[in-house]
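The structure appears right after this line, and notes come after that.
Per-chain residue numbering starts at 1, and chain names A, B, C, D and E are given in the order in which the chains are listed.
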Amino acid sequence: MTSILALDPAWWQQTFLIKVPIGLLAVLLPAGTIVYLYLFKAVSFMQSRLGPMEAGPYGSMQLLAEVGKWLQKEDIFPTKADKFVFAAAPFVVLMSTFLLVVILPAGPDATFVNLDVGIYFAMAVSSVSVIGILMAGWASANKYSLLGGIRAAGQLIAYELPLILAVVGVVIQAGTMNMQGIVLSQAEGEIFGWGGIGNPFILTQFIGFFIFMVAVQAELTQAPFDMPVAESELVTGYLTEYSGIRFLLFFIGEFASAGVFSAIAAVLFFGGWYVPGIDPTNDIFNVIGPLILAGKMMAIAFLIFWFRFTFPRFREDQLQRLAWKFLIPLSLANIALTGVLKVVL
Amino acid sequence: MSDFLRSYLTVAVFGVLACALVGAFVGLSALIRPTRKQGQKYLTYESGVDPIGTGWGQSNIRYYIFALLFVMFDVEAVFIFPWATRLEAYGYFGLVEMAIFIFILLLGLVYAWRKGVLKWV
Amino acid sequence: MATTESDQMAYIAAQAADARVNVEVETDEGMTLNLGPQHPATHGTLRIVAKLDGEKVLAAEPIMGYMHRGYEKLTEVRTYPQVTTLVNRIDWLGSFANEVPFILAAEQLMEVEAPPRAQWIRTVLFELSRIANISLFLGDMAVQVGATTPVFYAFRDREFVLNQIERVTGGRFHPNFDRIGGLKDDLPKGWIEETGAVLGKMRDFCDEMEELVLGNEIFQARTRGIGVIPPDVALSYGLSGANLRASGIDWDIRRDANVGLVYDEVDWKVWTHPDGDSFSRFWVRLQETREAINILEQLLGGIPSGPIMAKVPRIIKVPAGEAYVATENPLGEMGFYVVSQGDLTPFRVKIRSASFSNMSITPWLLKGVFVPDIISILASLYFILGDIDR
Amino acid sequence: MAEIPEHLLKRAQAAREKAEAEAKSSTGDSTKPEETAVTETTETDEEVILTDEKAEAALATLQQELEGKILDSHIATGRGLWIRVGIQDWRPAAKAAKEALDCKFFDWLSAIDWMPSPYGREHETEQDLINDDPEENDDKEMEWGYTGGETRFQLICRVYSISKKIGVMIKADLPDNDPRALSLIPIYAGANWHEREAREMFGLTFDEHPDLRNIYLPGDFEGHPLRKDYPLLSRRMKPWPGIVDVELLPGDEE
Amino acid sequence: MGLVESGKIPKPLTKLLNMSRRYSMWVYQWGLACCAIEMGAAFASPRYDVMRLGVIPLPASPRQADFLVVSGTVTDKMAPAVRRLWEQMPDPKYVISMGSCANCGGPYWDSYSVTKGVDQVIPVDVYVPGCPPRPEALLEGIVLLQERIMNEDMAERWKGDPIVVE
């Protein structure tokens, strides 16, 4: 982008004036889109309903109404709650999402930061949100919340590993942990000597993709892994005592991280900002790259919400069993297979 | 400043400004929202009855073995990542090395499995 | 399980005794979790107090009465025709089915019998209520184990059945259509054909639920082997309806102790399942819905002509006597024990409602399960608050 | 007592006259339905005999098992079997029914307060005034139903045999001064909640019951609602709004 | 703090705030008796689909609810819980009383255990009559409530002490 405009602003200008606002928007906009498109509309259509129709044409202003409403709702701190932790928890959750977005490349030059250990950083930061959930659950001094928080922690230790191990396959194939590098290696890759569509890792790493998506579903606490919220069991789990703006923050956080994780999956397995047919070094990607990435992200996010509204919920012990007895061995096998193929071929 | 540090500084700036944004939301809400004290509003919610005991009732966390296993495997992941990036360079040697490494870990998992610790409760 | 039967019963009694949770006393160990009176899983206002150790339930006990409306007392100050208005509202999902046993009991005491046409139409409406009731269960069970969508389909298709009930009785919910000696009105024109079409839709709905819920691996993992009720225990707690049949006991009042309805005229099957777990309860109910459609399709073809009302006096005074009539309601056995002393009002009405007995097993059943299982077991036992609390 | 609207009184009056007229002429115009009724009873007669045999066999079994402890019995043709035992035989009777008659299915348990209500129907309509003069109620004797009775409270329990397809109603009189009985929980675990309900509604006591708490009503509730002398206070405050018992059909108004 | 409360917000802005409250109404998932099923039909049945109006039936906890539909019989045992759960909802909050039982006791007007009208316990904004009301009736009640919210003056609403029903 910057090179098109033939500008070369200083680092602080780049960061403060361009990157940060865009980055913040990159979290909030997808979150809003996902809430409106999927939570309100797609789901309603799946359930043969219409969804919001009154606020604006086809209910498109519904989101603004939501924000306006939550802004003026009272913010209740229960007497027994640990006030400071209670207030800080939504910050932690949202912070994790905001930090995740920085490693996403949206074009050859359109990156926020191009970390060498990009995906590693992402994995590290993503688990911070669970700390926020644990804080929320504990600070509420509410039994449902506490159980929800404990379940969230249990879920973290079950799904962090498959998530990380699923990525290893991609890293082996790409030979780098840099997100930009992963995109380029997909764009420049070849399938048995044929480079027509590059080599999107979904083709070679479909086991990895499967494990990654299952783990993301659990990481995002979406059904069938929504035990920390588990509406029919724990009322709203760790969110039970949250009201007003702080609930809205959690709400944004939930859908924003769904968006960001979808975008990471798009980068890892679907070639990120790249589409076949155009030279990946072409500057045009700095303009259309973000749109392509957003499109891929929305498609993957649809998967997440499709599963969420279709599947029943696992029980906590079944989740652990699935993780330890199925997903972890499978992901180790995937690593081994990828490694062997990489070396042999 | 090196590029390396600079990129982490960017990350830090992101974090701070994100916090500021969230804070702005909360502040705006504090400006316009009402506050109405009401008898039982600040009572802990427990499905409409008096809360029994505190919300911090001690509860038996059953998955500390899982937590131990998790730590073990997570440390393993730290080693696997750098290996994964350089696999092409290491070739067969690296492959065999890592196979042994993963095999030992798998052995641990199988042992835990056989001992029946991979069971909730 | 103990070997001899008496040992077994003693064991059950002991279990029932220490399943008791003293809610007033707070103990140090464990955590006492309240589910309800307002809780998404309790279908309204049931309250479950569970003592937990981590996520494991040490003991759980339902506390009811949040919906106790005093039916048995109120019937003593209502005339017989007025009582049907009340009893409609006991099981609010299959409301026509509530009226039938009471009316039949009153008819027994008065020694009148409804004309054949009225009996057929009663049976038709009875089975329609069953579909209206159980179809919601099929969706709701899925919600309780965490799937959001099926309940929307249930509400969607249930609407067609309610429409048909409304077309005959004028009420979607509480028809109050049954009269001592017959029915209030005849069927409207064209109703039979329309109902046939609706039954086709409900068949599709059952298939949809089978694929979407029953066939789902997660649903099976959540319900198979969970909440197993052995047949003897089920009998001694007085479980009835699909809960009993899911424990492998082949007993259906419609077939074995039929009073006043025309189930003998049609060819149908009683479904049982040997497992006795949550899954089999769902399965039996699903098959029962299909069987109800099957029964209805046969009944609709053969409704005899004739009057819909027997000759009964304008002011109904029921001769002295006692009668107990039970019918196989959607939730299980619903019976009315009517004691009359020759007045305009019943002297005493004991309402034997299915959910009350079905739920009385919960302290026994919920011991040692996980918190999520409480919800799936309760959902599979299928209760309606009005039917428990009355 | 609030003012009853004029038109309601008129309608009630009309209804009563009509009913009386019908009662007088009923012998005249009900010949035809009566005939069908007769044929129907002859049709069902065979069934009745069948069920009777079943009930009688069951009664014989129980009599043999209980050795003369059955005080009274009643077989309503085709409608079931009632037996009455002394309160000391309450649990043995249930045990006998379960073991000798295979009545494993516990249907329900409750009680009946046979005392005539001192408040009548609390309707105060025309018909109530004709039929149940509230003052008369005070002098009304207790009338027991099937199998008779001796005291005010009677326990009743129904058990059912799925193999034999016969249900038995077991009744037992409770002593007036101290209404208590042995709990049936050791025999039927399901009796637990039914006994709690009976305790709460009638103020009975069940010995050896592990947990006799209120089941429906809040802890501070006073009185036992299903006792006949428990007044419905709302009815004291204002009259029953639907005072006309029998709605006239549109054509019958005049 | 609390600009709405003190009425310091200019008129057009309050209009905007009212509008957002009107179109984003999260309804408390809480059914009491028979009416709860008709309420469920209004929420979940595609024929009625209350989400069209911007009513989101997600929250199961009172903390996230904007309005409460008292759908069914309130018994004396339940009444304290009704009151408490209503109080635990954050302001601004609204109540729809659905069905005869919640309005006045309905067919249980003479029962010994039924509260004759939920308005003895909590203040009610809209009454929906019927036993039970059809889902359409509830929808109309919601539309009436939305109109009421639209024309509301929050400063007026918050003036003085909170409404207390004893």
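By definition in this document, a residue touches a chain if its C-beta (ideal position, glycine included) is under 8 Å from a C-beta of that chain, and two chains touch if they have at least 3 such contacts.
Quick caveat, the model's predicted, so the values are computed rather than measured.
Among the remaining chains, those touching chain B and also chain C are A, E.
Relative to the centroid of all protein Cα atoms, the closest per-chain Cα centroid is that of C.
Taking each chain's centre as the average of its CA atoms, chain C and chain D sit 23 Å apart. Look at where the CA atoms of chain B average out and do the same for chain E: the two points lie 39 Å apart. Distance from the chain A centre to the chain B centre is 14 Å, each centre being the mean of its Cα atoms.
In whole angstrom, the spacing between the mean C-alpha positions of chain A and chain D is 65. Touching of two or more other chains is recorded for residues 30, 32-36, 41, 43, 45-49, 57, 59, 61, 120-121 of chain B. The multi-chain contact residues of chain C, meaning those touching 2 or more other chains, are 31, 34, 37-40, 55, 65, 68, 70, 73-74, 77, 152, 156, 370.
Multi-chain contact residues of chain D (touching two or more other chains) are listed as 216-218, 225, 230, 232, 235. By the contact rule set out at the top, the touching chain pairs are A-B, A-C, A-E, B-C, B-E, C-D, C-E, D-E. Residue ranges on chain C touching chain A, taken from their complex, read 31, 33-34, 39-41, 55, 142-149, 152-153, 156, 212-213, 216, 218-219, 221-222, 370-375.
In the complex of the two chains, the chain A residues touching chain B come out as 11, 15-16, 19-20, 23-24, 27, 70-81, 90-91, 94-95, 98-99, 102, 112-116, 120, 138, 140-147, 150, 154, 157-158, 160-161, 164-165, 168, 171-172, 175-177, 235, 240-241, 244-246, 248-249, 316-317, 320-321, 324-325, 328-329, 332, 335-336, 339-340, 342-343. Those residues of chain E whose C-beta lies close enough to touch chain B in the complex are 1-5, 9, 17, 61-63, 81-85, 87-88, 90-92, 154, 158, 162. Put simply, chain B touches chain C in their complex at residues 46-49, 52-53, 57-62, 120-121. On the side of chain C, the complex with chain D involves touching residues 9-10, 12-13, 16-17, 20, 64-65, 68, 70, 72-74, 76-77, 79, 82, 108, 111-113, 232-233, 235-239, 249, 251, 256-257, 310-311, 313-315, 320-324, 326, 333, 335, 337, 339, 341, 343-345, 348, 350, 352, 356-357, 359-361, 364, 389.
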